[in-house]
Amino acid sequence: MTPIIKVSNLTKKFKDLVAVDDLSFTVQKGDVYGFLGQNGAGKSTTIRMLLTLIEPTQGTIEIFGLDLRTHRKEILRQVGAVIEKPDVYKYLTAYENLVLFLKISGAAKASKQKLMEQLDLVGLAERAHSKVKTFSQGMKQRLGVAIALSHDPQLIILDEPTNGLDPQGIADIRNLILMLSQKMNKTVVVSSHLLSEIELIANRLLIIDKGQKLVEGAAAELFDPAQTVIEVETLNNAQAIQLLEQSEWSAMLQPASANEIILKMDKKQIPSFHQSLVQMNIPVLSLQPRHSLEDYFLKVTTGKQHVEAFTN
Amino acid sequence: MLPLRLCVKTNNTKMKKILLLLLSIIIFQQAAFSQDAMGLINKVKSKLDKVNDYVAEGRMKTDVSFIKAPAGKVKVFYKKPNKFKLKRDGGISILPKGGVSVNMSNLLTGKDFVAIPSGDSKVGNIPVKVVKLLPTSENSDVVLTTLYIEEATSLIRKANTTTKENGTYEMEMIYGKFASFGLPDKVIFAFNTKDYKLPKGVTLDFDTNEPVADRMKNKKGRVEISYTNYIINKGVSDAEFR
Amino acid sequence: MWKLLQIELFKIFKRPRTYISFAAITALVGLIQMGLYIDGKSYVEFMLRDLSMSFEIEGNILNGYLVCYIILQLLLVHVPLLITLIAADLISGEANMGTLRLLLTKPVSRTEVIFAKFGAATIYTLLLLVWMAILALFVSMALFGTDDMLNMKSGYIVQMKSYDVFWRYACAFGFAALAMLTVAALGFFLSLFAENSIGPIVATMSIILVFTILSTLDIPFFNAIKPYLFTTHMIGWKGFFDVKVSEDNEAIIGSVQNLGKVLQAAGILVLHIVGLLIASVIVFKRKDVLS
């Protein structure tokens, strides 16, 4: 089956800064594809390249099996997006904004009733004829989603859709995404810097840092207890890594920054792994299994400097 | 428009008195010849006297170095003894002060002048007698008028008038169909003009560095009226002169 | 494309800012008309003071045609500000609001966006000029009547027959449209580089201000660069109010003294518009939208 999105070796440089570095991934039809990374990791740049707002320095993007460069209009007709803050024309009403963007989307003219239904879907029917400048951040966000969905696109790209929302707003967006995926069979790409949000909705995940891919895989696998992530701290990590690389455990070693030892294994293997460490004379200080991907994500992307960002 | 006035006013100058004194001596000495001049002028007058009133249509052209004006239609009304009115046929008229309203009959109306014969001359190819008219009234605006009269036809071919207020101007008359009434087909007024200049800052012209065409540098202004049609002695309402 | 233009116009005319320009022009024209209506005589006397020393000038000198000329002379210098307010905001304003990125993820090409936006700016400019023509010309004609028009230039006076004026205004407004579109194109081009509208508006105004001062200053050093400043050509509309004269200095009705020069100026303005528009397309197509 043709993937909905196929990104190959995508690179974007801003002068000396490499924002996205040789990134490749695929999104399949029906996926809720979680795109994770710290602020500044390159998520937004990647998403903007998917939406033709930024031109890649290198690499190719195929959406619906078509090259984005040569089939831009065709592709974008089937894409709906909310990029960061869902900014719309503040001097227009919610309804006017919806009509305006629907027109540009090249979709068939919708009846007033249809448009009101769409506003109702995001709970804005009552405020349809109020100017957007009177809206709260959450209402604007919901209007942004309504606009992204208005032309009934196949692919929906949401860049940090819960930014600035209260818990209720976050829950609403989450439910909406699940509904789009499960009931309407849409493909959704959703980015966030919060794993806790993605965890609950995504079936596939991509984690990037400094523009590079860290992990890509099915959520079921990444969250699977049989795929427990273990962090080992020793007196001499560099030496320990050397020894582990020559051992039976080498396949389980995960790429990490220098001097960090991370392995992925079934939880049941931990005792024998522990035994091996002793046998190899590795002086272990600590051995910590991680129960969710969040710790891993936290560890690999931030090195614990931004713990406060993950406490919610 | 100020018609040339030869009537009495109170305005004295020393120069004028001396001039008058000198002139009276000359006049006295050349009394006989002066009689001739008066005769010629009376002939001209009697010719003009045949006209009680007229309405004339004409085309007026202004030629002043710093004015670009299109030619326009004018209508001229005259009624004895000295009512004269030039009306433009719509549009704006820019005319030299005093000058254009002068016509021959009001030049010669009244008897408050002395005629001095000043020999023979030519206007174009036409031999003329030169007669100088000096107003006797001390406060007339006109200082001196020189007439160039063709004796054979009793037509004034040219007149030079010097005024106190409006400088000197020259009138040249070209006669045609209405010569028998002493009415010209074409009158050309020539007069001196002062400079015209507006500060550039006021106007912000598009083409400020454009040099003024050579012919426009000529300081002498001209107004030319070509009459196409006279309606003579058919009565003119006084209302026209208001 | 047509749809996009409609949308852009819809956006322009939904904003209160747009109507400020129309209100400003109404107020300014009204003020000038009121002033001239009350005290126009002394204004005319001032303009004609040199001439009336040796000439009698008769007729309705301060007629609608002259009043319109006075208004245009005073106002056309300031209209660029009103044009800039809209044009320099077209891209930067949307970048600032954040709507640009949403707009550009829609299936429309960036070239189309440029043309639709500039098209909308053009229509706005033309409507502003039409409104100005209605007020400055037609209302003045109704208030002050019509007669021959006297154009008092710095070196000479041009008299145009009343029936020889109207077409000149039609041409003058056409020319003014080119001049204002040049301003719009400049503001539009600069709006590509900023993410707030103040920057490009101020930049556009500054360029026009500096160029206009250089164009107006009569200093030999600056005279050399004048032909290269578009502002020098922006007052070309005045060229329609000068006539040719015949050999004996009679104004030729229906003629224009420096038609070649006026057309050349118009050509230069058109080149500016086209150049700036092409530059806008090139820049915009390459632009990474980061706002």
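Going by the order they are written in, the chains are A, B and C; count residues from 1 in each one.
The rule is simple: a contact is a pair of C-beta atoms (placed from the backbone, for glycine too) under 8 Å apart; a residue touches a chain by one contact, two chains touch by 3 or more.
The shown structure was predicted, so the numbers you read here are calculated from the model rather than taken from an experiment.
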Identity of the chain that, by mean CA position, is farthest from subunit B: A
Closest chain to the centre of mass proxy, which here is the mean CA position: C
Between subunit C and subunit A, distance of the C-alpha-averaged centres to the nearest whole Å: 51
Rounded Å distance between subunit B and subunit C, as computed from the means of their C-alpha atoms: 48
Distance between the centres, which are taken as Cα means, of subunit B and subunit A, whole angstrom: 99
Complex interface listing, subunit C residues touching subunit A: 3-4, 7, 10-11, 14-16, 97-99, 101-109, 286, 288-290
Partner subunit C, residues of subunit A touching it in the complex: 14, 48, 51-55, 72-77, 79, 81, 83-92, 96, 100-101, 103-106, 144, 147
Residue ranges of subunit C touching subunit B (in the complex, touch as defined): 47, 50-51, 53-61, 73, 147-148, 150, 152-162, 164, 216, 218, 223, 235-239, 242-243, 245, 247-253, 257-258, 261-262, 265
Complex contact set, residues of subunit B against subunit C: 1-2, 61, 63-72, 88, 90-97, 166-167, 191, 193-210, 212-213, 215-216
